[in-house]
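You will see two complexes here that share subunit A, one where it goes with subunit B and one where it goes with subunit C.
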Partner chain A sequence: MGRFIAKRLVGMVGVLFAISVIVFLIFNVIPNSDPAARIAGKNADAELIARVNDDLGLNDPLPVQYVTLMKEIFTGQLTSYSSDLNVDEQIREGIPATMSLCIGAAIIWMAFAIVFGYLSAVRAGGKLDTMLTVLALIGISLPVFWLAAILLYYLSFRVQLFPTGGYVPLTEDPAQWAYHLLLPWITLAVLFIGFYSRLLRSSMLDVMNEDYVRTARAKGLSERQVRTRHVLRNSLIPIVTLFGLDFGAVVGGGAILTETVFNINGVGLYAGEAIGSLDLPPLMAVTMFGAFFIVLFNTIVDILYAYLDPRIRLGSSAV
Partner chain B sequence: MSKAWKVLCLGAITALAALGLVACGDSDSSGGSSSGGGDVNVTMTSFPDYIDPQLSYTLEGWEVLWNTYVPLLTYKHEAGEDGTQVVPGLAEDMPEISADGKTYKLTLRSGMKYSDGTPIKASDFTYAIERLFDVQSGGSVFYEGIVGASDYVAGKADTISGITTDDKTGEITIQLEDANGTFTDLLGLMFAAPVPPSTPKDKNATNDPPPSSGPFEITSVDAPHTLVMERNPQFKTVQDAGANEVADAQVDKITVTQNKSNSAQVTGVEQNNIDFMVDPPDADRLPEVQARFSDRFRLEESINTYYFWMNTQEPPFDDLKVRQAVNYAIDPEALNRVFGGRLAPTQQILPPGMPGYEQYTLYPGPDLDKAKQLLAEADPSDKDITVWTDDEPDRKRIGAYYQDVLNQMGFNASLKIIAGDVYFTTIGNASTPDLDTGFSDWIQDFPHPDDFFRPLLNGENNLPTNSNNFSHVDIPELDKKQDELVQKQITDEGVTDDYAALDKAYMEQAVWAPYGNEQFTTFMSDRLDFGQAYSHLLFSQDYSAFALSN
Partner chain C sequence: MSPRATASGPLLSVKDLEVGFATEDGLLKAVDGVSFELARGEVLGIVGESGCGKSVTAQTVMGLTRSSNARISGSVEFNGADLIEASDDDLRKVRGESIAMIFQDPMTSLNPVYKVGKQIAEQILAHRDVSDKEARDRAIELLRDVGIPHPERRIDDYPYEYSGGMRQRAMVAMALSLEPEVLIADEPTTALDVTIQAQILTLIEQLNRDRDLAVVLITHDLGVVAEVADRVQVMYAGQVVERGTLDEIFYDPQHPYTWGLLGSLTRLDRPRPKRLPQIAGQPPSLLSPPGGCRFRPRCPHAFEQCAELPSLEGRLGKRSEHADRCWLQPKEKESRRSVDGRIGLGAPAA
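Let's turn to the complex of A and B:
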């Protein structure tokens, strides 16, 4: 098991390295994205631009620039080209808001997806199943930015039931924290509720036909016990796998739109601004941050699987 | 332990670990709520670029810093054209300018202190100008004409020899390499505001701004989220020294918060949760605001020009008739709709409010028939053209409109949309292919007509990279006229008339197709005294005029 985890962690570092190189190269081949010219202002002359270039080390060879950039990321010295602010600090400040948004949304989407998926599966073909299927499809089809705008317009602007955005730290006022995040949580969760409930329905219908379910029934267990203890639990395994990946992706950048529309000063909003201004240092750091979470949760799922099913970790030596 | 139980346990551990991340950090609220009394909360879509007088070069930054850092000279705290008048700030009087226009003498008022109690000294001006070069400010180019500045930048001198000061008498003498009629305006910009030597000389001071000399001081900054301005406890020393043109604050505290959602800001002001939003409401909310809140909303003049540039060195726009045809074809009213009614139509280079502005119309229209007729007469060989614009929503629509007009005229125009942050460096790079025509705008740096003509139309600024002369205009006799005029003071007899004539001369050559001057807005909560608030032509909203309504 230890070897398996070690292999996975080495792979994780390799993936992060590859991502950092690709992002760095893409940025450097974009035409006319000369940060020095932008920093020097609209009236800058060639001398000023040259001095800014020198100061930023942009005249160095690309490998040197890459190494310097990575060193600055890992030593917390990286500063934004456009605002001159420390990037690591900005990301650190944004993590609580992003994690608050993502965890809350994840709890909502998992809870509703399990209830809807379960009901849909046990009433497969019935009216309730049809209704939940339609709801799920609507949820999957609603673009986040549209749903966010509609919720804000009706619930914040018209009815004035919710604030128009912003974020209150959990440590400052837990009630306001939840109040400000309720609409963003719903917005972010709706898509996943639809998707996960469909997946759970399908998984449960497959498991219901398994031999061990028939055996459970033959042992005399009630239908409710069979569904919850045997069918639901076993159907959750693919859901948890997917959840690990999706949660990593949402933390690592999937919340950009939600954070932007609701003005939540999280990592997603910071990433959106960095993309908009083609500001390499935050772009690189945020990409690494996102990639780290995606790869981390992917690795956790792999390890979890290996823990649950020894055939996976023994797979290579068994061949 | 069953599989499902293990799955749930590990899921719970992951969730708890993630919650730990939430609890261990902290972040400020973006709500920007005020606590009553003399507190005001302001929102802006983009946080100021820097909270540093030598570095800030955006409207958002200048709006905050104008009432925080006072230069030797400043601009009158008045609405309209009166606000473009340069008046004494920390200096006792306007500069004494030598006959050759190369030497400026000023005297610093005595007894003034920064907000931390440090005395304001004449040598702080030298420190500020040197700092401007050391931090590689975008504004440093304006002060390169000071004698010794280039040696200082090159490291050949420890100080700028062209600035001499006497801390005892407060005398400041500035020597220029050439006479420069804009220099009085430049002394009124925040770039030249004195700061104490405790300010880091070669570093951005945003996170710890220098002590202030204006009615407000910056007491906290959490860039790029929020900043707090409070009354400067030492401002009385500036007032007592006779700086009557520097207006005092009327509220105790202003909290400025970045809010990326324009719509949320509009709703916030409507519901009186936000006192003032810096940016105009988006076009989709503007009609509603104008209709329902006319008692606390108005349009405000600003000194800017929106125009289409045309590459005068390459076909088809190297032909005067083609450029004139475009000017006839453009319909400013159609473009005004893109701005939600915030665009005052124009067909000239200088905007209203700028000295030298005199209204005229050379190409009455829109007249598409006349445009087609001129194009037929020109019969350009190359009708496949590229229209450039950036990806901001309004500008995309402006580009699409322009493309449509050109196609109606008979061109085969294709639209090229690129990211806003690299747009101007791209079209300002002569090696970029297919630079035919496209969108541009110019907002004044200071209210002097040279700030429009020299960077945008002077042949010497037709640079290979980072050029602002997007039309590649190169008319030597008009360049010569610019050079003559800039040697004079704007107040000299006949100078503004000459600038008006220069404007017309360029438009007779149809070097641009100007179509409008964007208007800004004032939209405030019921809490603020709307009648007293005003938008300054150079620095936008004057925060010293904020007062709570009775």
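Let's turn to the complex of A and C:
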């Protein structure tokens, strides 16, 4: 297992390197991205632009620029082009809010998806299943920005049941923290509840036809024991895989829309602003942050997978 | 062989069992009026080719075919209690406790994500009020009984760490964990290679002898039946076409389908035929079985009367349970089933 994890960690570094190079190159080829021209202002003369370029080191060859940028990211010295604020600090400040949003949403989506998926599969073809199928399709079809806006308009603005946005740190006031995050959690979770409950349903229906489920029945287990111990447990294997990937993706950027609409001061909001102003340093840092989480959760999933499916363990130790 | 029926009547009695499945193409009648009785300590072989309804019969005995699209009628009585009408909970108590089952493919019959010992202990815990430790100790004992080496270590292995033969032994251990009265073995050796097959059969035979375990052995392999069965029931297209003692079926078979099965056995003590004998054609669709005798389309001996379905009855005029579904006269059968000095399906009379 140790070797397996070490191997994955090395792979992780490689992936992060590749991603950083790609983002850096993309930024350098898209039009209107010349930061010097933006910083120098509308009526800047050539001399001013040249000076800004010089200041920011933008006259250096690209590989040198890349190395400087990466060095600054990892030593915490990177500052934004547009605001002069330290990028690493900004991201660190945003992490609690983003994590609160993502973890809360993830708990909600997994809990509801498992309950709905389980009920759908057990009552497959029945009224409850049909109802849950329709609900799931609705959930999958609702765009996040639309759902967020609708929830905000009706529940916060019209009925004033919830705050209109913002974030209260957990350490400051746990009740307010949850109260402020409830709508964002739901917004972010709805899509995944729909998707995951459908997935669990079909996965369970597949597993129900397995020979070992028949064995479990022949042993004299109750239907409930058969379903939870033998069907559900085996059906969760693909779900857990997907969950790891999706959770990493949500932390690493999927929450941008939700954070923006609900004005949550997280990494996503920061990323959104950086994209809006084509600010390379924060963009690079946020991308690395996101990529790091996606790769990290991929690795965690692989390890968890080995726990869920013992057959994998043999393969991994043999590598 | 083992002792026969006791005075208390049969342990397991199946009468006129019919099992159909509603499909998009109509009702598929997998089992059409099957009856048999099983006495304590007896081994009954049920033989037939794939799709003849033998597995469905076995699974229906344990209520494993219950589903919204299954249509089940007839009766299954175990120790006098009906299992067809039994509530799910009553049926649950019989499963594993009184009637246990082992399946064809040991590779897929164990849950891959749980340790073998845990899966055996699970069955004990489902029926008995014992501690986890006691269930585990019992599981080790059972694994030792069925011949798993170092059971105290192998109990913590996952199924993938067992070979095919070991998995089937583990299945047998699981089936025996509560000392059931009936073991239903559904093609227990089909997925195993020949040496392992013999070991598993010997194991079943031993259990039958030592524990007075009644066994329903389902197989397509007459060689397997010949080794362990007391009585044999031959099935074709959802119906029983012949039943009798092992000797009656092997030495005095009455139904052409049985002749065909016997004829397609290869024997080491005879010269090898140029071409292995077979029964021409395919078994009929169970969605719309042929009228009359179901074997008629493949039978070289069919005549006009075969358009009418013969009932399963004794046709030899002797006091025996030997019964079959064939209109031919017993004398006629004797001459027709003889092919090159041994039993075979033969060709139509000239």
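Observations, loosely collected:
Rule of thumb we're sticking to: the second predicted complex is superposed on the first by the 304 of 319 C-alpha atoms of A that agree within 3 Å, B and C clash if a C-alpha of one lies under 4 Å from a C-alpha of the other, contacts with A are read in each partner's own complex, and residues count from 1 in each chain.
We take it that a residue touches a chain if its C-beta (ideal position, glycine included) is under 8 Å from a C-beta of that chain, and two chains touch if they have at least 3 such contacts.
Small disclaimer: the values here were computed from a predicted structure and weren't measured.
Overlaying the two complexes via subunit A leaves subunit B and subunit C side by side, clear of any clash.
With subunit A as vertex, the superposed Cα centres of subunit B and subunit C define an angle of 160 degrees, given in steps of 10. Of the two partner chains, both subunit B and subunit C are touched by A:234. Touch criterion met: A:304 reaches subunit B, while subunit C stays clear of it. Applying the stated contact rule after C-alpha superposition, one finds that A:211 touches subunit C and leaves subunit B untouched. Looking at the shared chain after the overlay, A:166 reaches subunit B, while subunit C stays out of its contact range. With both structures placed on the common chain, the touch criterion links A:42 to subunit B but leaves subunit C unconnected.
Once chain A of one complex is fitted onto chain A of the other, the partner contacts of A:220 are limited to subunit C, with no touch recorded for subunit B. Ranked by how many residues of subunit A each touches, subunit B and subunit C are led by B. Using the contact criterion defined above for the overlaid structures, shared-chain residue A:71 touches neither subunit B nor subunit C, since it reaches no partner.
Once chain A of one complex is fitted onto chain A of the other, the partner contacts of A:3 are absent, as it touches neither subunit B nor subunit C. Superposition on chain A leaves subunit B and subunit C with their closest Cα atoms 5 Å from each other. Taken together, the two structures place residues 233-234, 237, 308 of subunit A in contact with subunit B in one case and with subunit C in the other.
Contact residues on subunit C toward subunit A in their complex (touch as defined above): 59, 62, 64, 68, 88-89, 92-97, 100-101, 103, 105, 108-113, 122-123, 126-127, 158, 160-161, 171, 174. On subunit B, the positions that touch subunit A within their shared complex are 2-8, 10-11, 14-15, 18-19, 21-32, 47, 49-50, 57, 136-142, 144, 153, 204, 206-207, 223-225, 258-261, 263-264, 267-268, 270-271, 273, 419-422, 424-426, 429, 432, 445, 455, 463, 465-466, 468.
Interface residues of subunit A, counted against subunit B in their complex, comprise 30-34, 37-49, 51-52, 55, 82-85, 90, 92-97, 99-100, 102-103, 106-107, 149, 152-153, 156-157, 160, 163-172, 180, 233-234, 236-237, 240, 243-244, 260-266, 269, 273, 276-278, 297, 300, 304, 307-308. Of all residues in subunit A, only 125, 210-212, 214-223, 225, 229-230, 233-234, 237, 308-311, 314 touch subunit C in the complex they form.
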